[in-house]
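Listed below are the structures to be examined.
First subunit A sits with subunit B, and in the next complex the same chain sits with subunit C.
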Partner chain A sequence: MKFDVILIGGGLSSLVCGIRLQKAGRRCLMVSAGQNALHFSSGAFGLLGSLPDGTAVQYPLEAIPSLPAGHPYAKIGVGKIAEYAAMAPGFFESCGVHLVAAAAAADPVLRSVRNGFRFTATGTMKPAWLAMSEVAFFPTEEALRDSDGVPVESALIVNFAGFLDFNARFIAEGLEKNGIRCRLETVRIDDVERLRKNPSEMRSVNIARVMTREQNWKGFAYQVKELMKGEDMVVLPEVFGLGGELIPQWLSEMIPAKVTYVGTMPPSVCGIRTQMRLKEAFESAGGTFLLGDEVLDPEVEDGRVLCVRTSNLGSMRLVADSYVLASGNLFGNGLTAAPGEFREPVFGLDVDYPQDRSDWYDPDFFAKQNYIGVGVKTDGAFHPYIAGRVVENLYVAGSEVGGCNSLAEGSGAGVAIMTAFKVADGILGRQEPANA
Partner chain B sequence: MQEKNLSSNNFEQCIKCTICTAYCPVVAVNPAYPGPKQGGPDGERLRLKNKYFFDENLKYCMNCKRCEVACPSGVKIADLIHSARRRYSVETPGLRDRVLAGTDFMGKAARPVAPLVNAVMSSKVVKDVLDVMMDIDRNRKFPKYKAKGFVSWFRKNAQAKQEGYSRQVAFFHGCSTEFQHPEVGQAFVKVMNAVGIGVQLLDEKCCGVAMVSNGLWAGAARHARHNVSVFKEAVAKGLPIVGVSSTCIFTMRDEYPDILEVDNSEVRDSITLVERYLFELVDSGQVKLVFKKDYRARIAYHIPCHMEKLGWSLFTKALVQMIPGVSLTVLDSSCCGMAGTYGFKKENYKYSQAIGEHLFGQIKALSPDFVCCECETCKWQIEMSTGRTVLNPIVILADALDVDATIAANAAPAAAAAPAAADAIDG
Partner chain C sequence: MRAEFDVIIIGGGITGAGTARDCALRGLRVLLVERHDIATGATGRNHGLLHSGARYAVTDRESAAECIKENMILKNIARHCVDDTSGLFITLPEDDLDYQAVFVKSCLAAGIKAEVIDPKEAIRMEPSVNPSLIGAVKVPDGSVDPFRLCASNVLDAKLHGAKVLVYSEVTEFIKDGDTVRGVKVLDHRTGEVSEYYAPVTVNAGGIWGHRLAGMAGVNVGMFPAKGSLLIFAHRVNNVVINRCRKPANADILVPGDTVCIIGTTSTRVPYEECDNMAATPAEVDLLLTEGAKLAPGLAHTRILRAYAGVRPLVSADNDPSGRNISRGIVLLDHEERDGVKGFITITGGKLMTYRLMAQMASDAVCRKLRINADCITARTPLPGSRPGGLEKVARKIWEVPTTVQKAVVGRVGTRAATLSPEDDYAGSLVCECEEVPVSEVDAAIERMDVHNLVDLRRRTRVGMGTCQGELCACRAAGRMAQASGCTAKARADLKSFINERWKGMYPVGWGDTLRESAYTQWVYSEVLGLNGKI
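Right, the complex of A and B next:
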């Protein structure tokens, strides 16, 4: 079967790249071995939260020139990153994904993106670039305590009885550090109570499925109102947005206080919704998406991929002009690790990793872990290498690209989106900027 | 250090991410079902310690495989659940389950008196009795049995001329083609013959999927062994095994080895669905399809769960879209809730309809001329629940095919057949 582009992986990076290409008239096939990391999304996208040395970043674009040469952003160049960053919200909006950014002046360009802050499931504030509409996201750390100009002094944190993936105590601790008095309450909704029969499957997405029913979210809002004792803010688990952004909006309107939705432990309800919207956008533009299938047995000759095959389609040769590998890092099986080495399992691409195994990880679990930064070696246009030889019609995008520790930097989604745009432009033959 | 998995179902790879649960149609509606993660890899750890951890509520699993399609770690979750049912369940299938599972036996028994059986089975009194006595839900509509099956039609009307074709396929027609929908088999023969391919029948038995669902493991394995040995003979003669029901094909390719432990490795790659078989022939330029110029239809495509698992829906889409007058809308992939015999059962009926609600809503909103789908039990469910006609893709292709032009395009060398071949779609 013949396509213009075959994309391997079905997560954020692959979908962004595939949608751009498909909308530009390229016939795309996307092959995804199971669902992806959007299902674990915090609900916000980071561009660059801190420099490799740990220094906090307020204006990500301003910080990019100081990144090391091997960093994916350095390869793309700050000019292009600024252009892509300006384009991103509109791009997602056109796919039905509404994202919010922290306001920033358009001029100077390097200050046109400013980090806002998301309030996390463990009660901390983390820098972020864009957030899904209902997620707790504030332009500044101080804005957490502001409700339309009125200071927030007290908060009511409401959880469902028996729901273990929303830790109200951590959240209260975090809010109290910010000087907000907290009270904890739980509610019981019949449909959610039924889920408790099976505590190990009482997870965010199952609650979210029953909360799409009108009687349930309305009943929830009434119960919250009953429980309130004049608090300025109500904190709720983010389990209302599976079908769309409307139910969280309506809930916020029904509850007479500032309503803040805080992400739960995975799966991420707004992340799943975003994934569904992006997949729909890709398919409705005419793309073919194969879920639950795995690419194997590629044929590579003279630095070019000739074809790939998949486990479901067997011996059938899938042929394309260009191929994009965006199948994730260790977590998504885009890379695999054995005691002595890291491997890229589909093509056997060259992988960049510390030779000494003791440099792969820090025994302190919460310290910066080098294995997170392991990725495929690429040139300036994100072509990978096999045994030192560049593969001309193959591109690598997303967390599979080496050169940065996205977890430590808070740049995972940013790298996914920027490399996707860059690779799409490369395939479409668009002009390279002078500084790339 | 463990570097390799120990089990074929990959359960050691489960990282407890719960993505399977997010896509399980049953968990969403039936709280008695423990769910794919708990029933699959989590439960397996306990069951390996002690069989008493087996939970009979795993019978609520529809075996739709959506958990496996979603799993990022390649865990065969539904296989784990059904293998556990096979190994540990102490519930014996009752009369109802045996009747529902015996698709071929019941078909043969009903055929001589088909009009009577159809009339009786649609009577309210009988349905009430079945509901009370046998736990078959009174709201369920039964598919109609045909007095004349596909095989007798084939022997009388088609068999004689099949030897005349240079290329041949072995046709696995399945129970529903034989007993309820012979038109599907007739469409298959029409299309194959038009492109110059002869059809041979097999000494087939029911693929066994209904017996797997109903816990009749020994019977299912017996059918599997029989079919595999019949397929081996056909494959030895160079014939591919081509079917029209996604569920039969999926079962014979994957459930035979994974759940029934029947080795099909010699024939697995030769077992295929007509949409894939035909697409590959067209795509490689070996055959041409010419369609009627005046064929018009607005079609909604429902991808059955087992078609999702096979990963072959792109072939159906490509084939149906080759018909010039068709506008095809692919429905948001979701389970219809029927799952073979599952939706007939009184204890499941309510959940079955709740699971299908999303799909029914889409179909009603779209109001297509008809729905396209490769699975007969999805067809029964959608027709009952939406009032829309559901056609197997091969029936649509056969209806839209310009038979004479197709025969001409495939018989003559391409250059000589210019007028007909001008409209032909090739790869």
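Right, the complex of A and C next:
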């Protein structure tokens, strides 16, 4: 089978790249092994939360010039990052993914993106660039305000009885630190009670599925209204948006307060929805999506990929002009680690990693872990190398790219999106990014 | 504050717990003092092997005979802690097959049923065993959950009136001339210092007993022998596999609950290092190489974690590894030995022989108190192994699904009846890997001296399974916050629990272990924002 582009991986980076290419008229095949990082998304996209030395970043674009030369953002350049960043919300909107940004001035350009703050399930604030529409996202760390800009004074946190993956006490403590009085309540919904019959069914996505039924979300909203004692904010577990943004919107209309949603333990409901929307956008633009398959046995000759095969299609040669590898980092199996080395398992690409295993880890789990920053070596156009030789028609995008520790920097989604745009432009032969 | 007891026991490992129980069953007023949680030292850092004694049959006949006797007692009194798997001693082509005959003869002489079987039969009995074996002997080895065993002893001591202080450290002996009258105890949680008095104080501090003895003015020469072990994410073998040779490194593979454990190494370490034991990369490599010789499947089985403990051996001759030191029990009456009255030390020995050690120590306590009271621990089942069919008892938790019932009954035995089934939500799972429901977690928090998530793990196995606490830790922290009402503490506790799990994972940080860590890292640091500002 012949395609223009074969993309390996079905996560954020691959989808963004595939949609751009498909919309630009390229015939794309995407091969996805299954779940990806969107399934445990925080509900927000980070561009750059802090510098490699740990300094907090308020305006990500302003900070990009100070990144080391090997950083993916440095390879793309701040000018293009600024253009891509400006284009991103519209791009996602066109895919049916509505994202919210912290307000920023249009001028100067380097201040056109400002970090907002996502309120987390353990009651902390994490910087973020864009947030999925229903998640608790605030313009500053300090002031939690309602939609009219009035500071919130009191909050009602409502959970489903017996749902252990949403820890209302942690959330209350975090809000109380911000001067917000909190009250905790639980509700019971018959369909959710039925889920409990099997203890391992009481998980976010299963509840979310049940809550797409009108009688359930309406019943939930009525119970919340009954429980309210004049609070000006209601905090709910993020399990209402599986079908779309409409149910959270309707809940907001029915409940007389600012309604916000805080993520639960994975899986992430709004992350799954985003993945589904992006996959639909790719397919409706004409792309071919192979789910539950994996790429193997590539043929590489003279620094060019000639073809790949997949597990399900067996010996069939899948041929393309360009190939994009975006199969993730360790968790996605885009990289594997053995006692002495890291490997990229599909092509055997050159990987950048500390030679001494003891440098891979910090004994403090919450400190910067070097193994998280391990990735494939690439040139300025994100072409990888095999044994020091560049592979000209292969590109690498997303968390598989080396040169940054995206967990420590808070740049996971940003790197996925920016490298995807850059690689798509490279394949399309564009010097300057065109409009989406 | 001044409090009087008949006996003060220092050390909440299995020896101290067993002694506290034995003394309490004999009607003594008992105080048990532990500076951390129970089972934090060597008790919680071993194979969990229910020795048949065969391992010591050739080199240490006395220990071997003690082991087999205690083996049979524990199978009766601690049914809910024991998995009667049976064991194999295999001879590989590189081993000397002549040793097998010596081994079998020594086993039989020590009273251990040792039966030579055909290697093909051994493979049928344990399909994971190295198929190139040239000899096999079947022995009555098994596995025992040391955390559960220790907690059951503590629980029974408390049921018989003992007072148990955890996170409480003896800072000073109260002496009157050459007599120990009691101890000063610092409560690490409150910072308070209290005095406790008793005519007899028992040093059951394991390797730390050396320091305690020094504080009391006597010297107990110990030999701190570090042993490292690896836990694999699957129960690769159902039968304990040993090498039929003189005891050496990494020659025992023990199945335990959902996992299996390979060990150990043996190296002398300085006393100062005993508080902070971790497996080194060289030890990990050695355990992997040698382990794969017992069961080749280990070479491609995910490693859950590496850990290390210190054997409280009593120093004898000049033996650099400690392999040749007797595992025998050492009871020291410091009045006879050093002229210090009211103070005894019980040390040496093994997890396997804890009950006998406790009996010997309690006998000595009674002699000093001039009390005539028989030891009944050899025939009195622990809580959880009381008479009555588990089926009947388990009916109380019928509400929860079968696999969870089985898991709960497997862990708490007949105590399952005391878990609260009336709560609608008690069946919700906190830990999916080990199938630990809310009822069991809440009961442990309420009744079993649980002060943090690591304590909870030792009582319930929450966080010990395949995901190493990835999902259950956060849920369990929620239950802890609810019980204590202190969310800030629960959050700090959650962070330290995750770090404690990481400590055992990064020494084996590759393959699926590192893959799982990467996921945990993203979930806790980014998604849940546990390292974020509050």
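Criterion: the second predicted complex is superposed on the first by the 424 of 436 C-alpha atoms of A that agree within 3 Å, B and C clash if a C-alpha of one lies under 4 Å from a C-alpha of the other, contacts with A are read in each partner's own complex, and residues count from 1 in each chain.
Note that in this section contacts are C-beta pairs under 8 Å (C-beta built on N, C-alpha and C of every residue); 3 or more make two chains touch, one makes a residue touch a chain.
On a predicted model such as this, the values are computed, not experimentally measured, just so you know.
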If we overlay the two complexes on their shared chain A, which of subunit B and subunit C does A:58 touch? Say first, second, both or neither. neither
Between subunit B and subunit C, whom does A:407 touch in the aligned arrangement: first, second, both, or neither? second
Now for A:172: first (subunit B), second (subunit C), both, or neither, which partner does it touch? second
Give one of first, second, both or neither to describe whether A:200 is in contact with subunit B, with subunit C, with both, or with none. both
Look at A:333 in the shared chain and tell me whether it touches subunit B only, subunit C only, both, or neither; answer first, second, both or neither. both
Touching A:123 in the superposition: subunit B (first), subunit C (second), both, neither? second
Touching partner for A:393 - first (subunit B), second (subunit C), both, neither: neither
For the three-chain arrangement built by superposition, which of subunit B and subunit C touches the greater number of subunit A residues? C
I'd like to know which partner A:39 touches here: subunit B for first, subunit C for second, both or neither. first
Touch test for A:133: subunit B only (first), subunit C only (second), both, or neither? neither
Go through subunit A and flag every residue that touches subunit B in one model and subunit C in the other. 40, 198, 200, 266, 333, 338-339
Counting only contacts in the complex, subunit A reaches subunit C at residues 37, 40-42, 118, 120-126, 141, 161-162, 164-165, 167, 169-170, 172-174, 177, 196, 198-200, 202, 263, 265-266, 268, 329-331, 333, 336-339, 357-358, 360-361, 363-366, 369, 371-372, 407, 410, 412
Of all residues in subunit B, which touch subunit A in the complex? 1, 3, 17-19, 21-23, 27-28, 31-35, 37-38, 42, 68-74, 269, 280, 283, 308-312, 314, 317, 330, 332
Which of the residues in subunit C come into contact with subunit A in the complex? 281, 285, 400-401, 404, 424-425, 427-430, 432, 437-438, 471, 474-475, 477-479, 481-482, 487-488, 490-491, 494-495, 498-499, 501-503, 506, 509-511, 514-515, 518-519, 521-534
Please output the residues of subunit A touching subunit B within their complex, sorted ascending. 1, 33-36, 39-40, 194-195, 197-198, 200-201, 203, 205-206, 209-210, 266-267, 272, 280, 283, 288, 290-294, 310, 312-316, 332-333, 338-339
